[in-house]
């Protein structure tokens, strides 16, 4: 995410840098400190990777590494292509066409965002595996008896994993491309039509290229989530690079090797990000025209309109409604869990923690993005970009980085206090909610920082100049000018982090205090004992608590379009 | 029948009737201007012709092919028209040559680029083929947009306020170049503008569109300027000195003397509109100006505006009369040197209309937009015309 | 500007108060005697046991359930770790903790009496609490009696296309392969893994229950699974279809003519920096005692380690069996190699 907005920031930087106080100002220092804190866990992973340990590479290279790489690349390409296809197509339809239920789809397309990938994987396996109802009906229908009588796609496969992740991750692409389509000047599309290209031609030659930066941001979020996923690929037995990291760590008891693999993955992500930036280096013109008119919509008629309904309805049905129905069916056998007072407390934990993470992540993201806007030194920018890489590190590995960071901090404070005052402070932060929140912030910084930065670049630096000339300092300018102007982007960031934190599993499990549970850890607890039914109520709760913010998000976007009636 | 034929086109957005039963023709090779204030539906007519709006009533025919009726809607990409947008709508992700060759479909890339280069050469931009739109000035962008619209050799060219985004200095030269290019290409052109000077400069034929989307008058520049057939059309060309009165003996009384009532019956309220250049001044001549039929006037102020001046005057005899008149005089006007001054009305530049609030498309304060820029500057303190269009154009830069 | 600062100050105050209250709660809790544990076994499983312990001793138990990262968490927390003991679901994890120096020696006459020597570390670094065997489930009709009696049979040509297992990288399968390495050596184990892979009816996938489900649905004839899953499925009232799955298969204890079935344990160990070693020992003693062992046996269909504790009737119905006598730590030593062998034969591809 950060990379894509960078180009625009670079472009704006010279004039934004008018505020010149040198390095020593609260914004720059604050940004550097926060970024430093966010980098610590990643640095800890580097430290672990550098420790002497059994060499793992030659074994991996001669056996499974090519497979890991192949599977990972195919998974990324597949999920990337799938999410672009669904996300961009649906975004295009709901933002530029008129068809039945179109206003409902505007928000409904986002619903699968609330569905964790590992949950949908359980559900679909039950439905589509050999023993599932679909194949059973087919067997009854055609009189097949054994597996050899017919071919049916294997759900627990690379293709299955691609499908599952596509179904729940496409909303990122949808979200960002929809915002891009809504910002596009209508004129260029009409110009293209008049110049002889039909609606399809105009889409591919004008609308899509113009939305490309946004699509790229969306897809890079999707890819990082994909690389991060353990639950789905583990359940489906798809040997990806991430699965390999866990295998080396847990089965071969080689945390050094695992850290090395994780860093390799990270370098791969960095290379991808740089390659994308390089490919776009010459094209730093993606500033939308300042002119907005109400979007005229294409009225779809006849078959086209039903096709549009199908294109939008299919992902929502498959990514949300059907899995929710199945979960509801499972949960019906465990209704008592809903009324359990523990369950309410755990739900409270989930909401509290997610809210805390969302608000803090966005405050910090805003601070950093603004710090860079005020004074965008290359070094500072680089540090911030590294700091937001936490999103691409597998959750449990990142958790180990957080463990090491906080453990070292706590123990050195304790040591100092013992030596100086004879008091033991013990562990101040490790194993507390602060640790979990810290983990969330490191993980989700890319989401919040990226959203805020992208929104900020749309505010012309002249605004800063105008506010400054009218006697407003940076803080006052931020509060009076920028925040009101980017509140749509801020809402997006808050809700993305909230929903992601609701689903977050590995960091919570590893970093949490004693006797502390969230909905996601409950799902993990039961699912890890193969008790999907028992896990269903908590999974449903995650989805339920995720829906509301997702709908709010859609409304925020609807109203964030310049020229649109401000709600 | 080459060109554009519109028959009985009507369009409404909800209850808002923006065009009412318009019929018009743009013959092949001619440039027709639709002149009218903002909100009179002229852009809608353009969009209907382009196929960007669906026609609700009537029909549109381009080069003998019916492209729109109530039942038929040929999509814009099949109409073979060129449209130049007010904000140019250049594709920001394509460089100049790719923008211009965008509409050249179904031919080899090399050939398309060659044609595009030719078009760019015509607008004197051949040296900027690789530049991206955001790197170009407003005038360059305008020329790229023109080249892009013309490149596929459209059967009809539609221009939507093509010069409104340009500053005054640049406008004249770009206008000239555009006109040359259009005449060379010989394409039937429908241009929409709110600027009467622009319309008169460019058009073979001008059509005045009033509010509610009715054509109020059509004709060439001369007809429209010298023979406006209603108050709205007369006022389109800028500020008018207005004198109200009642018809008596087939004449309307003015401080400058009686003016023929132009057929209004005695007793009817009427108004005399006089263009600032329709008041002719004579300076303290030997014969005192009486022989030229002038009335003595007093000059309140004068402003030199380059090749002409604007003066405000009062009738000398009318001591308590508040009415000020504005006069446009060639060259610098120095009243203190002029001695005694008299004024008379040029009948060619003064018009009598009914003094009737229900004149079709009566100009509102907004319509002061259409004052010529010079007068606007002069009058701005008194009338504060809101220069919306100009501001929009600046914002779009 | 002023309001903004006030707001910010307010937020900071709330945050600080929040943190303080979290710490204060912990301080208050510290007054009663308590034992803290990191557990690889699920809370829903441990809850009845721990509640019984608190009732009996008055010692409160706090736990964190975590499957991954337990070693790393203990290591990072160092001498200040709040955890007194760990509970694991597998010998591998106990062994890893012991090797990492995260566990301390202990001895207790009760533990020595309750737990057979083969299920505990000689120096008391760890103690096994329950055991389970990795066994073969064979379809009642499609597999003839005597057709499959050993792990080795699963890798023989006559089983081609008839075997299902979960991921070769799952700790249960890693442990099984490690036991084969320990008994027969690396080469033989590799051969076995290769043979098993060649016989698979489908790519390794799903969990243990899913394997039995596949037998029921005719996808395969024989599968590997842990004993307790049979009990859990056979008594599943919430999801009665699982009873049918269980009923479709016979449970076969492998290697009865040889070294015996591979057995794994769940167990506990006291952390090196435990603040309440005595309490921790008490808890392990309790868990190895009659009451807890009975709960384990009945609640989770595992084999109690304590002699004389009655088995669940369903478990008892499978009959007694001969277990692989190899020392568990020796098997755990081979786990990394087992994982590599799985890689070499590309078991999961």
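Going by the order they are written in, the chains are A, B and C; count residues from 1 in each one.
To be clear about the criterion, contacts are C-beta pairs under 8 Å (C-beta built on N, C-alpha and C of every residue); 3 or more make two chains touch, one makes a residue touch a chain.
Everything numeric in this text was worked out from a predicted model, so none of it was measured.
The interface carrying the most C-beta pairs in contact is the one between chains A-C.
The most distant chain from subunit B is C, comparing centres defined as mean Cα coordinates. Distance from the subunit B centre to the subunit C centre is 87 Å, each centre being the mean of its Cα atoms.
Subunit A and subunit C have CA centres that are 33 Å apart. Chain centres here are Cα averages; for subunit A and subunit B they lie 54 Å apart.
Within the complex, the subunit A residues that touch subunit B are 185, 187-188, 190-199, 201-202, 205-206, 209-210, 212, 283, 285-287, 289-291, 296. Listed in rising order, the residues of subunit B touching subunit A in the complex are 50-52, 75-83, 85, 87-93, 102-103, 105, 132-134, 148-149, 152, 395-396.
Subunit A contributes residues 54, 59-60, 63-64, 67, 125, 129-131, 136, 145-147, 154, 156-157, 234-237, 239, 243, 246-247, 249-255, 333-334, 396, 399-400, 403-404, 406-408, 410-411, 414, 424, 426-428, 430-434, 473, 475-476, 479, 506, 509-510, 512-517, 521, 525-526, 528-530, 533-534 to its touches with subunit C in the complex.
Within the complex, the subunit C residues that touch subunit A are 1, 4, 19, 22-23, 36, 42-45, 62-69, 71-73, 75-82, 92, 96, 99, 166-167, 169, 171, 174, 201-210, 213-214, 216-219, 229, 238-239, 335-336, 338-340, 343-344, 346, 348-349.
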